[in-house]
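Structure record follows, encoded as structure tokens.
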Amino acid sequence: MNKTTTLITASVCTTALAWSASLLADDDFITLASTTSTENSGLFDAIIPTFTEATGIDVRVVAVGTGQAFEIGRRGDADSLLVHDTAGEEQFVAEGYATERLDVMYNDFVIVGPSDDPAGISDSESVADAFARIAESESPFASRGDDSGTNRAELRLWEDAGVTPQGEWYRELGSGMGPTLNTAAGMDAYTFTDRATWVAFDNPQNLTLLFEGDEALFNQYGSLLLSEERHPHLKHDLAAQWHQWLVSEEGQQAIADFKVDGQQLFFPNAE
Amino acid sequence: MNAPLTSSSLTPLADVPALHFQQASFTHRGHALLVPTTLTLSGCQRTLIMGPNGAGKSLFMRLAHGLLSPSSGQVRWEGKPPVQAMVFQRPVLLRRSVIDNLRYALAVKDVPRPKRQALALQALEKFGLAALAKRPARVLSGGEQQRLTLARAWLLNPAVLFLDEPTSALDPAAIKAVEDAVNEFHQGGTRIVMTTHDLHQAKRLADDVLFMYGGQVLEHTPAERFFDAPTSSQARAFIRGELVW
Amino acid sequence: MAASDNPFYTALTLILGMDSNLIDIVALSLQVSLSAVLIASALALPVGAALALWRFPGRNGMIVVLNALMGLPPVVAGLCVYLMLSRAGPLGSLGLLFTPSAMVVAQVILVFPIIAALTRQQVEALHHEYDEQLRSLGLTPLRMMPTLLWDARFGLLTVVLAGFGRASAEVGAVMIVGGNIDGVTRVMTTSIVLETSKGDLPLALGLGIILLALVTLINALAHAVSEAAKRRLG
């Protein structure tokens, strides 16, 4: 190899190593496993800077499906969890992976669908009724099918409606909320989504919001304080600060202040 | 060719050790490509190997040079195996400049780096390639490339030089240049072992002739005797210019 | 990042506006993929050459496996690296998960088979051509290795570029082991996935155009360098 090539290669390698080193150098951060719907809404972009300014701690968000978030937590790969599956969260605590679970905020789920509403759900009296009408009319329905918080909520509502969703009209996509909405828009199908993702979603095509408001559509978010015993290596002190901040006055206010198109997407409800 | 061979550039060659084939044969997939053969190549001769295509000439050369091992029997040098070099029908050169190809050969021989440039230039001068030193070796003409491989072989200071049909792809002027180079090697004390299918070339160069046919060495005789009175009918037919399989 | 409806316009505005977010993402993408290709090449070139030059038991099996691994799904590679680097896994104490280093590791795994398998093929072809002459000059297979690798350099440049193409195009591996963390492990491809999932398709496509332009630029540079070298040296 001639001298020029050696020089160039050496420079590239050194620069690459220096870059990576600089990235790892910052020690004051925690890794937060949360869900794609929360990330996609833009909430974290809004509230994390406030937290960082107050505490000097950066929050690195890994946004995955709820199932994967729990798995990351079990493996000790994240310092903190913020998800929306209360039953799952309580089980997580019961299994000893977390020492505490706190209510942080809520939003609601809505049903969106083709603007001509073939199943006629817009005047349904309850979400159970709406689901029943979709099943009866066998209108195409796109389900996330990914064991996420949203998906689990959707399946509970089918159960409440007394319907086992199956058949060609019920399409399980195994996808996150965004991709599911994309696919639903492309298929002109009904789908079950959280309001925050829907409001922030940029590709609705022919879909519009058709049903909302039922109490059963309440979607609670919880923060989990992970167990020091299970995973001693985690940054528990820093994570505890985040956990406390979320339910503090400042944190709750930051959540309430977050709006998209003038709409508030998350409603703080810590005790 | 140009500068005469100076003794300072080459270590004077000791007597070239003899090469013995002792019942050496070569079989591939059940076919006997060389029947068990016993003969000796000795002295500083120019041995030309002749015979029709498929007679086993190239195979014989490769066994002699050590590129192949015999399937049975032995190919053995008397005493320590000497330095050898081989030139092939199609010159094999690296994707580098002409002079870098020579410096590469010197590097392989562990010649100290500071000496390589001077030696390489000397070789280029000797074989009339000095003007082409920086040219990519692969853009040279066939004749120039073959002279380059000879220059490379010269740098190794071989006791034995094997050449496998080195001029079959060249024009007359290039052929003459190669033959002159071969003779120079010979005058410097190098034994020549060369295959050819060109009768006239053999007559020009041979001190002795090895005639092969069908995987067998039929004759190993001094050149004059071979061309005047070959003993085998195949050799006679070959010399008469009749195609012999 | 706001977006209009035309992806080309979006791409152009992003580039001209020198959006600092975009610059960070592009820099990280290049850093990860280039590092991965350099490391993979350093390992794979000798391995490929060795496979070409030596016969040993299991050689054919190794060649088949390497060739097959050229098609290793990135998401599978990512998953395996995740399981290794996870705290619950064997190398967890290294703390590499969700960092660019983990992304480099995963991409090295993806790129290595491509470079090794194609290097083997190139070196084997050259070896065929050169073997007798090089052995005549007194070279052992070990000493032939650097010679053949250097002689094959133009073909090998294309091989390395193929590896780079694979690295810069994949998203499955870097998504899982990097976590697509904003400002830390977000690269071009994971950004495209993110914007798509937000429904901002023009922006996603605009980013795609930028990524393609970048890769094309790098290929053009490499081609120019090799053409210049060929002219100089044949």
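Read from first to last, the chains carry the letters A, B and C; within each, the first residue is number 1.
The rule is simple: a contact is a pair of C-beta atoms (placed from the backbone, for glycine too) under 8 Å apart; a residue touches a chain by one contact, two chains touch by 3 or more.
Computed from a predicted structure; not experimentally measured.
Apart from chain C, which is left out here, the chains connect through touching into these groups: A | B.
Chain centroids computed from C-alpha atoms place C closest to the centre of all protein C-alpha atoms shown.
Centroid distances built from C-alpha atoms place B farthest away from chain A.
In this assembly, the C-alpha centroid of chain A lies 78 Å from the C-alpha centroid of chain B. Each chain gets a centre from the mean of its Cα atoms; for chain A and chain C, those two points are 32 Å apart.
Distance from the chain B centre to the chain C centre is 47 Å, each centre being the mean of its Cα atoms. Contact residues of chain C toward chain A in the complex are 3, 27, 31, 34-35, 38, 86-89, 92-93, 97-101, 104, 150, 179-182, 184, 194, 196-201. If you check the complex, the residues on chain A that touch chain C are 1, 9, 12-13, 15-17, 19-20, 23-24, 31, 36, 40, 44-45, 60-64, 74-77, 176-179, 181-182, 185, 200-204, 231, 233. Of all the residues in chain B, the ones that touch chain C in their complex are 62, 65, 67, 84-86, 88, 92, 94-97, 104-105, 108-109, 135-139, 152, 156, 162.
Remark: chain C residues 129-130, 132-139, 143, 147, 151, 153-154, 233-234 touch chain B in the complex.
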